[in-house]
Amino acid sequence: ANPDPSTLKVALLPDENAATIIKKNKALQDYLEKKLGKKVQLIVTTDYSSMIEAMRHGRLDLAYFGPLSYVLARQKSDIEPFAAVKQKGKTTYQAVLIANTSSGINKIGDIAGKNVAFGDKASTSSHLIPKSMLAEKNLYAGKNYKEHFVGAHDAVAMSVQNGHAQAGGLSKPIYETLVQRGMIKPQKVKVIATSKPFPQYPWTMRSDLNPQLKQKIRTAFLEINDPAVLKPFKAEGFGAVTDKDYNVVRNLGSLLKLDLSKF
Amino acid sequence: MSLSAEFSPFLRARRLAWNKALVTIVILAVVVAGCCYYAGLFDVERLTEGFPSLVSLIGEMFPPDFEQWKSWVKPLVDTLAMSVGGTAIAVIVSIPLAVLAARNTSPHPLVFYVFRGLLNGLRSIPELIMGIVFVAAVGFGALPGVLALAFHSIGMVAKFFAESIEHVDPAPVEAARASGCSSLQVIVHGIFPQVFSQMADTAIYRWEYNFRASTVMGMVGAGGIGFELIGSLRIMQYQEVSAILIVILAMVTLVDAFSSYLRKKTQ
Amino acid sequence: MIQLENISVKYGKTVALHPVSLDIKDSQFTVLLGSSGAGKSTFLRCLNLMNPLESGNIRVSGFEGSWEKRALQILRRETGMIFQQHQLIERQTALQNVLMGRLGYHSFFRTLFPLSKAEQELGLQCLKRVGLLDKALCRVDELSGGQQQRVGIARVLAQKPKTILADEPVASLDPATADKVLNLIHTICKEDGISAVVSLHQVDLAKKYGDRIIGLAAGRVVFDGQPDELSERQVEALYQNRLVDSEFARSGQLMNIPVPFVS
Amino acid sequence: MIQLENISVKYGKTVALHPVSLDIKDSQFTVLLGSSGAGKSTFLRCLNLMNPLESGNIRVSGFEGSWEKRALQILRRETGMIFQQHQLIERQTALQNVLMGRLGYHSFFRTLFPLSKAEQELGLQCLKRVGLLDKALCRVDELSGGQQQRVGIARVLAQKPKTILADEPVASLDPATADKVLNLIHTICKEDGISAVVSLHQVDLAKKYGDRIIGLAAGRVVFDGQPDELSERQVEALYQNRLVDSEFARSGQLMNIPVPFVS
Amino acid sequence: MSLSAEFSPFLRARRLAWNKALVTIVILAVVVAGCCYYAGLFDVERLTEGFPSLVSLIGEMFPPDFEQWKSWVKPLVDTLAMSVGGTAIAVIVSIPLAVLAARNTSPHPLVFYVFRGLLNGLRSIPELIMGIVFVAAVGFGALPGVLALAFHSIGMVAKFFAESIEHVDPAPVEAARASGCSSLQVIVHGIFPQVFSQMADTAIYRWEYNFRASTVMGMVGAGGIGFELIGSLRIMQYQEVSAILIVILAMVTLVDAFSSYLRKKTQ
């Protein structure tokens, strides 16, 4: 693929409808265009698989991945992370294990024999991290509890709230937003454990881009301080990350007795 | 010449009809071409450029990797049960609905419009939403899957049944009416024997569709082979993906052959 | 007795039947004569109310008052109709088609199950009457044209009607079979006091069997009387009284329009 | 000349035509007689090779060697066929159906566009010949039975064939029209030296128009000669020679099987 | 009695046929009931328990919230263009495929099986995977969307076309053959006029399906109204969801009415 494309294709993930996302990220687009001297095209897609494949085949230049998706994609393609959202000075975030208040679950150990809801199989914070938290207490899916994949973070919270699953795991920031919005009632759902910090969603780029361009992109992201640009990311800025930072995610694979190179 | 004069009104009428058809065709062609252009289908360069990627991606799917086959047995059985159950319910509900929604059997034009509208409405609710709604209502497992498949299928199955009924040969129907059959008897003995094989075609197609629709069901927590498929896709095991696709194809072909055998036997 | 009071029928703008009033008496064997397109089929279809009337009224003895649904069904059950185009279900067997004539005698629910042995035997016997017992279990689309027509006749016999309406019942039969079938219909009618209205093209058969002959031309009744009243001249007039046939006599040769013979 | 050499036809286990050898000479008007189911339609369909033969061979002068595709098409184009069941496309107009007879003269591509004015006029003229000019633009399913049959005849006239095969072409026509239509076919054949094979049910018409009469019974040729050779006795034998009709004569009354009249 | 003796073989044959049909029906019923049981459809308690949730969930969808309507205009136009383009391609490709895959027009049974197999294969590839493959090939946007819709549609459209062709009245086809038409002419002038209206029905149904096929569009970043729908669903704006559903239904009904008007005019 072209190492120095005249238009940079940048992919975003939706947490709102597409038109809104593009509108909200207009500032980012303008900022990057000015900084890099190139045209920037924003793309909104709902599916990691198509993002990974597009990147591998040079149809995308920059993309914003989940940590586990990144690790998976990295095995098969030539991409590198360079920046992650910085919140409260950190480029990490946490996942939570939640339980229905009437299920009688108060600590992780109580989950034994219960139904547990996860989001997507390839999700970090709604699958891999909570599952590892359970594994640390010697609870394994299929053996000690029943797992259900419900597709998304919000669906996890909803299934726990209406009692179809007694417990579930999802990203802490998303859980907090759901509570704030009033979709999840604190009297029905409670947090029973919070994970240790994991590296945030990385911004990644194709490794076969021109090295000068790569450097320019890297600095452009790290130097963002315009609140208008940062607002859609709910971030104070972007911090540098490297591939090594994601080894913790890779390690989870071994903890769960999953070979991540085969995963 | 007087002969020509006698024929000319007919020729003129035919020319007119042909011109009208031509205008319609041209308008259609322009609309379609416009849409294709809008979608970038005339961008030959992009299309040809894409070809190597297509080949390499498909190449990655070979050879199919059947190593995990043992873990697919239960999901396959689940999917089979869900798709058969969902389709059966849809077919049973669709038969009376189709009669009410077919122009030639509906008791009143108003009834016809109401039921056509109902079917249109059912079809416009995506399976995903059906799935989410039913998972919310009855919890995880095969049950919400069956319900979602059934409800979503009705919209299509009943529409197709109704269309078959509308295309029926009116002659034997008339004979049934003329021999004093009640409306229900006319439908059952004059129309159904004529549309039976088309209805079976539709039902089998829909079963097949529902078997494959388990992808969606997998996404909302109803399990099945589709969930395995998405799982393998998510973790980029493309050789496994192709293996599962082959399994699905084999299952569908098998049941297809079985049902066409069944139809031949009973007819 | 069937009384027609000023009935007329239109298809779109074509007047297929101009207003006509007449009575069809019980146990009368009436023959309809008329050229192609004269309105014979249309006339017959009025007698069991299968055609919507443009004007007029039909009275049948035994059916007083309005034609509500149930009355119509009983009238039609008691009025067997033999169709010009057979109107059979092609993919069913001859016997299944014949037994359709019995449906009107049963409740809807009963007809979901096979009919009684007695009725099935009746059906077979009707097929035997028309010389088709050996084809009873053949699909109708495997029968010859004349055989199909005879299945249509057997269906009406199975119906055990009080009136028989027959639309060219012997059109596709050889003269011997035609005579036999007509004889069969005639004998049944006479023995059981069934009245019949039969459209025919064979003037000799009409004269042989008819108690009364009705002549139609271009949608109008142009003759109504006994067979011996129908003179040669009148027969000729009956078939001459059409607008289109003036062309026939001229010449058998096609005009010499130059037409390419090979592409 | 069409030469049949030992041809026979089977449908499943039914032998519809036993081995037969005969010649159809040029410009001969041959009439086929036979009872219903005797094999007349089957015989006719062999002459333009529309039926797969069980055995035997067919030679047509002008077509030497094997019946490969193109030769068959040309043979059929030159052999017009009038069908017993009309075989029209019901949802197309009479004229469209007639013009189907012209398709064989053109390349596939040419027939995607309307035919030339000359050919359309030819089609209209053929319709006029059979007295249906005013119905030229009516859909065929709006025509009466006899009118449909005449459209089928017009289609063959439009084909300008060298041989005409007609399967009961006047079955649904009144005697006057029947005579006229047959006269038309006969005159055309005589004037243009066309040979014709026509199956009929009317012995009088057969004797009036036929140069030669072939009698079929139960799939065998039982008579082959000139009209004046066909005696009354032979006609009777022709229609008597069937297995099934022994039942007819007995009695017109249906057996007294008890059958419930109301459900 | 000799009469009974004469009839009894026929009665026996019919009883046999009926018994055979009965056995088939019973087997089918047992299979279906088994599947339903497996899927928990007889769990009345769970079903009745779920009912209130269903009602409350549907209740949350009312009243529909059309406030955002301005932001739906462009996606609607996009969806319209993409669905028309994809369907048109599918229909054009399907016509020859259908002829090859219909028992009565296929030049050879082998060709028939190969093409039926090809169509089955095309249908068993989920839209999701089609989408991914085409994104990898030609990048994001409307183009991969149209391609994915077209390819996925072919499997179904050609199958249905082929079935219509198989159910055609053989009589006029025979007449065309008998008047010396070549095979292609027989197909175009003997068969197509008979199946045209059914083919139009299928094409319109498939267009409607493609209009609603939001998954692919969302995945490939081509946007469209379906993507808005999923977006609103994800952020749990159920009132917006119902509003978009209504808009989709209205659009589909409109184009449906328009096309049936068109068909009446040209016929």
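Residue numbering begins at 1 within each chain, and the chains themselves are lettered A, B, C, D and E in the order written.
In this section, a residue touches a chain if its C-beta (ideal position, glycine included) is under 8 Å from a C-beta of that chain, and two chains touch if they have at least 3 such contacts.
Keep in mind that this is a model prediction, so the values were computed, not measured.
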- Go through the assembly and pull out the chains touching subunit A as well as subunit B. E
- Item | Common touching chains of subunit C and subunit B | D, E
- Item | More contacts between chains, B-D or A-E | A-E
- Note on the structure: Per the C-alpha means, the centres of subunit A and subunit E lie apart by a whole-Å value of 36
- Taking each chain's centre as the mean of its CA atoms, how far is subunit C from subunit E in angstrom? 43
- Message: Taking the mean of the C-alpha atoms as each chain's centre, how many Å separate subunit A from subunit D?
- Response: 78
- subunit A: positions in contact with at least two other chains: 49, 53, 57, 162
- For subunit D, jot down the residues that touch at least 2 other chains. 85, 121, 125, 133, 255
- subunit B residues touching 2+ other chains are 3, 53, 57, 132, 136, 139, 197, 230, 233
- Inter-chain touch pairs (all): A-B, A-E, B-C, B-D, B-E, C-D, C-E, D-E
- Item | Contact set on subunit D toward subunit E in their complex | 48, 50, 69, 73-81, 83, 85-92, 96, 100-101, 103-104, 108, 111-112, 152, 155-156, 159, 255
- Query: In the complex of these two chains, what residues of subunit B are touching subunit A?
  - Reply: 53, 56-57, 132, 135-136, 139-140, 218-221, 227, 230-231, 233-237
- Query: In the complex formed with subunit E, which residues of subunit A make contact?
  - Reply: 9, 11, 14-20, 43-47, 49-50, 53-54, 56-57, 59-60, 152, 154, 162, 181, 183
- Query: Where on subunit E does subunit C make contact in their complex?
  - Reply: 3-4, 6-7, 10-11, 13-15, 18
- Query: In the complex formed with subunit C, which residues of subunit B make contact?
  - Reply: 3, 169, 171-172, 174-185, 188-190, 193-194, 197, 267
